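Once you scroll down, you'll see the structures, which are given as structure tokens.
Paired with subunit B in one complex and with subunit C in the other, subunit A is shared by the two complexes that follow.
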Partner chain A sequence: MTQPVSPAQRHQQDTPAATPAKTPARQPARLGLRPDVRNLSLLGVLAVLVAVGGFTRPDQFLDSGNLQLVLTQASVIGVVTVGMTFVITSGGIDLSVGAIVALASVWATTLATQEYGFAGILFTAVVVGLACGLVNGLLIAYGGMVPFIATLAMLASARGLALQITDGKTQIVTVESVLDLGIPDAYVLGIPPLVLVFAVVTVVGWLLLNRTTFGRRTVAVGGNAEAARLAGIDVRRQRLYLYLLSGLCCGIAAFLLVVLSGSGQNTNGNLYELDAIAAAIIGGTLLSGGRGTIVGSVLGVLVFTTITNIFALNNLQSDVQQIAKGAIIVAAVLVQRRTARDGAT
Partner chain B sequence: MSGITKSFPGVRALDGVDLEVQAGEVHCLLGQNGAGKSTLIKILAGVHQPDGGEISWQGAAVTLRSPIAAMRLGIATIYQELDLVEGLSVAENIFLGHEPTTAGFVVRGRQARASATALLARLGHAEIDAGGLVGSLSAAQQQIVSMARALSHDVRLIVMDEPSAALDPDEVDNLFRIVAGLTADGVAVVYISHRLEEIRRIGDRVTVLKDGRAVAVGLPAKSTPTRDVVALMTGRDVEYVFPPRPGDAARAAGAEPVLRVEGLSRDGEFAALDLDVRPGEIVGLAGLVGSGRSEVLETVYGARTPSTGRVLVDGRPLRPGSVRAAVRAGIGLAPEERKAQGLLMLESVTRNVSVSTLSRFSRGGWLDRRAEREAARTATRELSLRPDNPDAPVRTLSGGNQQKAVLARWLLRGCRVLLLDEPTRGVDVGARAELYAVIRRLADEGLAVLLVSSEVPEVLGLADRVLVLREGRVVHTAPARELDEHRVLDLVMEGSPTP
Partner chain C sequence: MPETSRRGLLFGTAAVSAGALLTACTSNEPKTKEPAANNEPAAPDDKPGKKVTIGFAGPQADHGWLNAINENAKSRAGKYSEVTLEITEGSNDTAAQIGQVQTLINKKVDVLVILPADGKALTQVGLQAMKAGIPVINLDRVFASPQAYRCWIGGDNYGMGLNAGNFIGERLKDKKNAKVVELAGLDNLELTKQRSQGFADALKNYPNIKRVARQAADFTVESGQAKMAQLLQAQKQFDALWNHDDDQGVGALRAIQQAGRDDFLMVGGAGAKAAMDAIKADNSVLKATVLYPPTMAASAIDLARALGQGKGVGGMSELEIPASITLYSAVVTKDNVDEYLPTGFS
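Entry: the complex of A and B
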């Protein structure tokens, strides 16, 4: 991008030995372009996966029912990943997402809650998620705890509480209006309702991160918390909001899971924290904070879910899946390390 | 070492420096902050790689690819900031990385402790327990441990970066005994210090660095007159082209101070500090590292909580220890560590400039990015920030232009008090004059500026009024034109009684 030479620039005090001629657009475009390039490459990976799926299982993979299944499965973890992306962008981590999903899903499906019907289940799931996020946020932002430890403690206690509530039993949902959303033929505006929720969360998340002061502050806190503080940003309040946001996403995801499975179980959301972190990282969000991409995270989720689907269709065991996922994470992080090295002068 | 050059992004740190050290001598390295001393010794220690030049060791050309490579040759460095692991014992620190082992990996702890005790005794500090934790030692004792670590290698050259800075006078005497013992064994010592009298006592030859060049090589340490050495270190140059001060009469005409600091103290850092800054005035704080300069600025800014005293803007006291209160009242800070404390290095110029003013460009949290970009561009153009591209990543800018991005942030916010901590650190010599002009212009436009710098000429040249700090107390206040560099250095270093 060329800039018109402003009058101010033309007759600025051109002092002796003004900065050597290293100023003009030496690198500027690269940083702006890179996330797009990365998203393109993820799209490429996704395209390859679809080709592989279509090639190995032409009859089943491209079936609209199967594609819908992939998207539906991606929805639950996808919503969690959007929240996780914010937290990681701010330089934090939330290990408790899976446990919060479990707790919210079982609390929302107790007999007492189900008496209040659809609204009761949705409300409870969201409030439980927010409450857990609030505790995380207070411990981290105002209690001075390291995010890793605070959310690890939440992981343990939320899972424990979920087990206590259910006593290890599966809680069947009997509210018809909830179950109706989960049947394969349910559509809202021509889209499966879970996928619609995922899409809305994605769009809202993208706008929040890229178009609002909230998003800008998130990036500033993650990029350099000390500089953000000295620039007058309330870093602690921002951190509190971020863990609240992650908790909210977990609550929404818990509701989706209840809809999808028609039940609440204390084993729900197992290892979601790892899947969400992995998806965000391969999407291009820096684990050290300061850069995050919602689109990348969503693509990361889709890549993982598609792999799972293809492996299942080809009757490969989940152990092979896990190995493939691990390899993808390693590859993505190696790429990211190179990017970071170019970035930090 | 000959013809060593080294550039960092935006700064040429070394520009063809020669250094020759002989076995058994104490070679002193002198120079002001930013002259390139640290860079030079880091190259010698294998931490940085030179861009050009040659290093030869005992007659043969060598490449010091890493700190380990330098250590293998027998070059050990004792850094100013001690590099010890506090959670390990004294002996473990001394032998870190080259522990005596059995079968290659089982650490022989007892042997390490015995050797450590012997080393410490040789250094005259047998009272340090080799098994004790380093974290529980005093600064001086840690210094000794650092030195023991250097000696635990088969060392031929020791580089000491301001080893006396943390020491009491009698500990300094002990240090000198150690140095004398080393040179008697034929070990060469490169000694860096700001204190000329030390260099007279133990130095053999002196090399003076200034602005990345060696302006004098191999002067006799004992006989070169102090006047000549100081002249070499401070010699006026392009960097000290200061903008003229506007007539004092207009300003002294009793404008009300914008910033007033009353009895501000922080335990162990500074005490009972009073100062006023009026609109259009630049007040400078001069003092050595550790005199409390930066701490004062950060406390005024609310980044540190004072133990007593208060800060007032327009006569209204600020909530102590709150950066947000200070920013809201119209104070802005350009911090000392620009990259670590000031900038979002991954972000564009625009986003760095607008970060303190985001709410102005938003409605209900929604950003008007065009307005943001235009406002940032207006502010950066006012300061002639180059390149004139609001989307350029801030990390690609030179040091001077990065500093302008920080200033533009506060300009955009419309702040009334500007706190500048080492505003020209890491800024090219040539770009400094421009930055000085910018700062003066901001003051002329009515800002009150409080300036901290370890470079005395900078304080004297830029400020209207100067407060000299020594060990956390103001020892002298005077209009800048009534002071000169020697006078300030006297006040700052010798601690001569307040006149």
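Entry: the complex of A and C
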């Protein structure tokens, strides 16, 4: 997946600089290390949240245990969001991520799969994720279906299949090596393995989007698919790869969720699609495609997780949490707009 | 991509074999198949009588408890040679469920057992059945009008909270300034409010106990883990925890294990088999669970059969079945877990 550029491709390779230039009426994608102003403003939001958390609950919020907790809670949805960022950057959408996580997690935790131990669970989760992504990709890229519809169909079917496999039951994992990954003994230098996976996925995702032809093609397809096609990009194949990538991320996330919860359940991944899309958009990825930022998406996820954490530590109830969450989303986006506009002029 | 590349071939083969391997992995048959959760003796009056056709309509069995409801109904009906059970595909959609009940009415079943996805929304169709002369047993989620059913049987959410609170109260009554934490279920359901109210009312009997925190999960393992992890971070020390639901309790127990905490007593809710196994093994903080018994579906079949045959309930002197039955939310502990284990659901 990280090496999608085939030398055998008949199309003339685009030169790296040529592609963004072919996306008219849009800012060229940021390729350098220069931090995006949007990311900066999101960092500001995060800093404010940390200040609020530290002020209201100094004893519980500002300790290493809580940092581990927030990052761990962020890792499952974070991995999904990285995949989602690619899809949205290309001008698509993947509504099926939550359902794929559910399906992959229950398929990976059936009694039959658990017979094969750690490797069996990991393999099944990843391959089920990839397979769902493949179906999405084929339907969208070669079947000519609108991403919204194709992935909505996948959402329904994958949830149905997950329910059929579990029969509505909670599948408890008994494979010790999988369970052990989620407890403090497995932490590497105080970092939970789940967080490490999240970090690796983030770094690989960032490199892929910002430092490879694959990433530039993704941006080009999202900016203007027709221009990208004329520039010699195989748009359909690129789309197929992108949904495969999203599926892969869901598979990895499903495995992380199995480790975290020690079980598989057909209700897993509930509304992940909305959380992932919201995090990506707040991060500064354009819903219409053509611009994406992995750093922004990850910051978006961290903002959401930190909000949840602060609310829980302050023992606020879910009604208050939901109202405040909505308000904070609006506030964050408004602040971001303002900063971006001021920064751009 | 006109030419079939070698890479494509290799990849295709790998994909096909992975698929073949995977399809073998959907099986969930345990090595030793256990019987459905319904081992208690049939009602005293189990001599075959008049033939009765019972129509059963429930919501989609998308979690363990509802699944157990279906299994209990089926296995109970199977015990009576004269009972035929017409069971519909479960649905959470109000319109779909109304259609299913109407189909059962048209089929002219003798008695209907309805567990509505939404009690209030299905009231009309309950009335319709009653008017058509088909008596309705309303299971658990109550219709808005008593005219829509002949008999209601269901669990006691308030009682669950009450019994959990009293159990914890008795355990902690000699402890000064005891702290209790509540992990509730889905907050936008009325039943969650009732459970929390019962719990709060019970704790009022014990002035030394204070509920220091409450968070609501949404009945899923995932949410149970997430919310419990936050609660453990927020409360560095407490004495007891009541978790409304054993399904989310799987996640809560996982979070407790991950945090390495064992300094408190945990009480569950609903009565899942996994929870009862843990209570029996006595190797975790989980020491008890308050029931919300899915066996009520088996009892509903008994009531429907009695209704169809014009009989009362065995063991009661009345000539007909009662109009309303609220089940008791028993507290299952290590001492009595063996009795209840057969009713545990997974």
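The definition used in the following text is that the second predicted complex is superposed on the first by the 288 of 345 C-alpha atoms of A that agree within 3 Å, B and C clash if a C-alpha of one lies under 4 Å from a C-alpha of the other, contacts with A are read in each partner's own complex, and residues count from 1 in each chain.
What we mean here is this: contacts are C-beta pairs under 8 Å (C-beta built on N, C-alpha and C of every residue); 3 or more make two chains touch, one makes a residue touch a chain.
Only a predicted model underlies this, so the values are computations on that prediction, with no experimental measurement involved.
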item: Touched partner set for A:73, first subunit B, second subunit C, both or neither; value: second
item: Partner chain in contact with A:214 - subunit B first, subunit C second, else both or neither; value: first
item: Which of subunit B and subunit C A:224 touches, first, second, both or neither; value: first
item: Subunit B versus subunit C as contact partner of A:110, first or second or both or neither; value: second
item: First (subunit B), second (subunit C), both or neither touched by A:64; value: neither
item: Touched partner set for A:268, first subunit B, second subunit C, both or neither; value: second
item: Touching partner for A:165 - first (subunit B), second (subunit C), both, neither; value: second
item: Subunit A residues contacted in one complex by subunit B, in the other by subunit C; value: 6, 8
item: Partner subunit B, residues of subunit A touching it in the complex; value: 1, 3, 5-6, 8-9, 12-13, 15-20, 22-28, 31-32, 211-214, 216-217, 219-220, 223-224, 226-234, 290-291, 343-345
item: Subunit A contact footprint on subunit B (complex, rising order); value: 9-10, 238, 241, 301, 303, 323-324, 327-328, 333, 335, 340-348, 351, 355-356, 358-359, 362, 365-367, 369, 381-382, 384, 386-389, 391-393, 395-398, 400-401, 409, 428-431, 433-434, 437
item: Footprint of subunit C on subunit A - complex, ascending; value: 6, 8, 57, 59-60, 65-66, 69, 72-73, 107, 110-113, 116, 120, 123-124, 127-128, 131, 134, 163, 165-172, 182-184, 237, 257, 260-263, 265-270, 308-309, 312-315, 317-319
item: Of subunit C, residues touching subunit A in the complex; value: 1, 5, 7, 15, 18-19, 22, 24-30, 60-64, 66-67, 187, 212-216, 218-227, 229-231, 233-234, 236, 247, 250-251, 254, 257-260, 272, 274, 346
